[in-house]
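Each structure below is given as structure tokens.
In the two complexes that follow, chain A is the common piece, with chain B as its partner first and chain C second.
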Partner chain A sequence: MTAPAEDESSVTSARAAPENAPFAAQIGRTIRRNPSLFGMPALLAASLALTVAIHPEFSDFDLQSLAMGAMPLAFAAAAQTAVVISGGIDLSIGSAMAVANVLAASTMEGRSFGESLVLAVLVLIAGAAIGALNGLIVVLSRVPDVVATLTSGFIWGGVALLILEKPGGGAPPEFLDLGAGTFITTWLPNALILLVIAVAAIWIPLRRSKLGLQIYAIGSDRVAAFRSGVNVERTRFASYIFSGLFSAIGGLGLTMTTGIGAPLAGVYYTLSGLAAVVVGGVSLAGGRGGMAGPVIAAFVLTLIPTDLIFLNIDPNFGQVIQGTLIVVIVMIGGFVAMARARK
Partner chain B sequence: MSEPSLLLDARNVGKRFGSVVALRAAALQVRPGEVHGLMGSNGAGKSTLVKIITGVFPADSGEIAVKGSVRSFRSPAEARGAGIVSVYQDPALVPDLTVAQNMRLAGARIDAVRKWLAELGVESLDFSALVRDLPYPTLRLIDLARALASEPAVLLLDEITASLPADLSERIYAIVRHWRNRGNAVIFISHRMAEVSDLCDRATVLRDGVTVGVTERAHGSEERIVSLMLGADTAAAVASASSTPVARQTARDAEPALEVRGLRRAPLLNDVSFKLYPGEVLGVAALEGQGQEELFDCIAGSRRYDSGAIFAHGEELTLRHPADAIRAGVVLVPANRLLALMQQRSIRENIALPAFGGMGSWGLIGMRAERQRVESAVARLQIDTRAASELRRLSGGNQQKVVIARWLANGFNTLLCFDPTRGIDIGTKRQIYALVRELAAAGSAVLLFTSELPEIQLACDRAIVLFGGRVVAEMPVSEADEATLLRAAHGLPQMRAAS
Partner chain C sequence: MTESAKTSSSRVAPGMTAGGVASFLRSQTIFVLILLLVAFVLGIEIARPGTVNRTWLTNMVLFAAPLGIMAGGQTLVMLTGGIDLSVASVATAAAYLMATHSVLGGVTAVVWGMGVGLSVGLINGVGIALLRVQPLVMTLGTGLMTEGMLVVYSQKMMAEGPHVPPFIEALGSGKYLGVIPNDLVLWAPVTIAIIFVLRRTGYGRLLYAIGDNQEACHLSGIRVWRVLLVNYIVCGLLAAAAGLVIVGAVDAADLSLADVYLLPSVAAVIIGGTSIFGGRGGYSGTIVGALILTVLNSILTLLDAPEPIRQILYGAIILLLASAYTRLTD
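Let's look at the complex of A and B:
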């Protein structure tokens, strides 16, 4: 078997080119295939530069708040990405995050650090189970995923309220530090480390696996994938499990950064996460895009209200500007695609 | 019990989709070492049978035995495990993955696929190219190579040559023969009778979901196959339709219904000019990719052109949108039926839609008048209306008729037909050509591109040949025999004097 190893980005699939294509041509192709791979870091760098220009005294503390604010959103985006690439959508992510958030906050209060870690693992399992149930509903009932997950989201929202009626609870300080503190230097927030490690630990192996290939395949063309021997239903089901798992990590992240559980805090993350997915270059039609784009987009979207505060503009404008930015970015993406189609 | 010597033995297979019976009692017996033709009109159930055999969906009744034991596959992957592999009508490759990823997805060995591609004449395919960037003929060959790489005992080819250029088809025939000679079986579905009689050892004929006959020798049995396919009554009707004389004299002093002057669109269309008169069918012949698609799209208003002009009845058209062309009475029947139709809506809505295109026509629909127009168009084209509520349940031939019916119901001056008979059975084909003649006799102008050259003489009054985005030849239909068209289409000079 001489199958070249495929992986995370098409950088390596370009490497697999048999006849030693010139290196520059390979890079060119990689950029053409994943414009967001280079566009998103550039956009993040630009918004960071803008922020520093507006607010020259940008400090390690500001960086920590940024990372803490963006981390749960980035996980929501990661959760949505796993499903959107498979050609589906999950509108219950915010509620699943809320369940994880209140589960953690209500059970960890007053426990030791060790116990809280065990509980965290249980919360992750619960999150995966929520995802599995969503997947079962979508696959078995054949109700469109938008409807199925919108309604299941109501259920998980209700479950969150049953677990914790009012904001409250807590967790041991060492546990909160995992997402809210810094270990090495104050310029490297733990929220960032947690995000990178968790996303990389789940996504990179998945992307290299046959399941990962199948997720992309069913998102790109379900019939062709089926005829290639892919079990479409099982793959869709699996993508929802990953969504649930990322949602649960996001919920734990909310517990760490806020220190409490809040049953209604998750609602915001469903649509903002979806926005990050779109801005991050993942096609809502499925099959195209990666994980890095949406995660970075979560930071860009978090910077907007921050900048407005620095500029002394009513932060309620934030939503207007955020929405406008999303429309503009999506339009630019559309124009790029159109220009490419015309060639 | 089934004969043990058979590789595949399908008996009495039945399948219905809602109210439509796709298969009633289909049977197919395939021996090792043969190429077995599966023939039938559109809607006869060939593709359904292929999909049942390969586990795309289950049969309602009947049984399928592989090498003597009864099997029922739940997915193409399971069928592949038992040595039964199909190349379907449309590519089964995932567009957003690379070729190599697609092979891994299906569990195909890349070196084996590479070897078979080389056999098929594709030496240097970049396996890290995205499938969506590759041309259609290459995809067909990759599909075939992938199927061969799994060493199937039974290989099913569902219209694999339908829109391939002749040289690629030849390579596919060679591989099919090679595969048979190794003791395997190939089930070959095609609408090209010549191809079937050349290639196939035996043939099974389906009509209306029932196996109506098996010929022990495909070669020399063409007439029998056609009459089996058509059934006794339609065969006679077709024979009379095909003997209708087509040579007609066109009044050249009349004003052209459509005139194209110096049309260019980079990179494929370089200076095309011609005139099309009322009451005339002008045939367009060309090999793949000589600008014919661009030409039709430009005239229909769905693509812009760089320079040149298009006139309808003497007036220059400004085409920004298909609606502009439709308003001028210039309408398109595209090759890809899926592009023209709304698969989830009814026949009635599909036919009536173009009448409601403009902004001015929002508002109430005159239901009675609409129903009348639609029903007369449906009756005229003999559309099978058993599945009238959802278009996607109609067969390909019937869908194509709906595309034509919508223009009949809404009125037009000039009909642009782009390969209207691609993948359509002989009976429906002849009906469509008879209809084209009838429209011309009633005063419409028809521009007709067909990928099957003999059809030009069947339906047209005059022919032009495109090569490299230019009109390289123009001739009356009496001179437009297949050899002449083929020479011109390859860019070779005319041999008018010699022949």
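Let's look at the complex of A and C:
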């Protein structure tokens, strides 16, 4: 219901700022219009600073475990973002990640590094296929996306159990090292590099392409997009393929960081990924937001239970804080939208 | 999204008028659902003769009751165009709190359980009705909060341990004279109350009106927030009540007790013909939906297939049913 106010501001921001505007005013305007772009790194810096304050002996090892913990969640958030921007939602991401996780762990055990890379590519293809099936189900069944993906997630959960009944499997150490190791210095975890490269390699070209523009268009106003000649159904379908692809990378990331496959490991990632999307400033109404916010938010959300452990508080409060955080952030967003509408 | 649903329905309508039967079925969808239910039951009887007897039928109603109660709250919420993803967490937490307070006496224990439903429902209502948070996000957040609190609480209560009092066990798994499931004591009044409220009271009309056009309701002077607030509290209470029945049936409170009920609670409503966009549907369809899902579960159990296969089939059949229904009514 807050959509009209947001749409209005997105239209004005799409119009380029006048060339002769003072530089400082331009920067101010950019910050006001993209709060998540500047707010998220600031929030991450603040929570990192807080962590170091609580736990002064914050070491390269702590940084590595943060990156390893946040990487699968960041991919889950990226997967959700691709669909949410198109105005949809995907509640099957955790299960899709689990399928990729167990597929990798059950086939890679005892293989060489080269073979495992080939298998990883096959897992990515399987992930894209899962996404494509989700998209087909949503578009063809006409069942609302919330229900359709909730149900398909249940199905993929069954598939994951079918592939690997209980936690097990493995992968060659060189492959695990892609997510668990470090690059040059111990302060640069491979998980971070993998995350940045994978998200950038997929998202930046997509966003600059016609398809990317169409994804934003159908999320912003489906009817307007349809009347401007966008094939709405095909674009929705495509957004789910990207969701499946990101989920599969997240599942591979889980294999790298945990070393095994676990059919139930994905459960946590559907909801927490959505939390990262919301915290990262992507509007669930669709059409607004980018990839940087949710990915950074994944790190912030991962830091919460870590900080609680350092503070000697039950880390399970982390989930409570996560739930509170998404609600409060959406509320603040609502108030900002209302305040803008009044002006 | 509502827009596109409307345009597609007008596109399809002329092609589907293939005679009076189709249009009759479209207007009386409850018959289709009951026919489907009967077909499922007949299917079982043909596949495994002798399965369908009095005990089996009683069991089906017994198992369907908690789902029906939970889906009742979900129906009320979906009629207003919302959704409640916290029902499963609420049911689990209610059952667990009831079980850990059972030493204080039955009434106190039940009050603790229902208190969970009341408080989470109240938080949901305040967030959605007053602070205008989207229902999906709000209930997702409160679901996470409830689960987290429950884990913390359960670790504190390790020494005590949950205990299901006998009357809850009787409610969830007993049968009166071996024929009438005890949980009908709860489900029947809930059914009558929901159907009465939806069909005969102003509150019920308002739920449909808000689901159809919230802005118009607001402009005609209806205090939408009050209706929504009450609605989410009722949904929370029904979820908590369902949790008590479930723990009575299972006879052991654990931290993932009602997790499996989230999907069916949404699916029963959708299969029952209530639109997730609001304004259309009712509880009678949901009841049949809950019965269909329960019978489906029984069929899959009889198939003797491994758990993953059952899970896949269950999801696939729900998708097929929901899709067929959406196409029939659109």
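Assume the second predicted complex is superposed on the first by the 320 of 343 C-alpha atoms of A that agree within 3 Å, B and C clash if a C-alpha of one lies under 4 Å from a C-alpha of the other, contacts with A are read in each partner's own complex, and residues count from 1 in each chain.
By definition in this document, a contact is a pair of C-beta atoms (placed from the backbone, for glycine too) under 8 Å apart; a residue touches a chain by one contact, two chains touch by 3 or more.
This is a predicted model, so every value here is computed, not measured.
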item	value
Which superposed partner A:228 touches (first chain B, second chain C, both, neither)	first
Contacts of A:177 with chain B and chain C, given as first, second, both or neither	neither
Touching partner for A:287 - first (chain B), second (chain C), both, neither	first
First, second, both or neither for A:220, with chain B first and chain C second	first
Chain B versus chain C as contact partner of A:318, first or second or both or neither	second
Partner, of chain C and chain B, that touches more residues belonging to chain A	C
Touched partner set for A:210, first chain B, second chain C, both or neither	first
Contacts of A:115 with chain B and chain C, given as first, second, both or neither	neither
Doubly contacted chain A residues - partners chain C and chain B	1-2, 223, 226
Complex contacts: residues of chain A adjacent to chain B	1-4, 6, 10, 13-14, 16-19, 21, 33, 210, 213-214, 216-217, 219-221, 223-231, 287-288
Footprint of chain C on chain A - complex, ascending	1-2, 87, 89, 137, 140-144, 146-148, 150-152, 154-155, 157-162, 165, 222-223, 226, 232, 271, 274-275, 278, 284-285, 314, 316-324, 326-327, 330-331, 334, 338
Touching residues (chain side chain B, partner chain A) in the complex	56, 75-77, 80, 86, 88, 91-98, 100-107, 109-111, 124, 126-128, 130
Touching residues (chain side chain C, partner chain A) in the complex	1, 3-5, 7-8, 83, 127, 131-134, 136-138, 140-149, 151-152, 155, 214-215, 262-263, 266-267, 270, 276-277, 306-312, 314-316, 318-319, 322-323, 326-327, 330
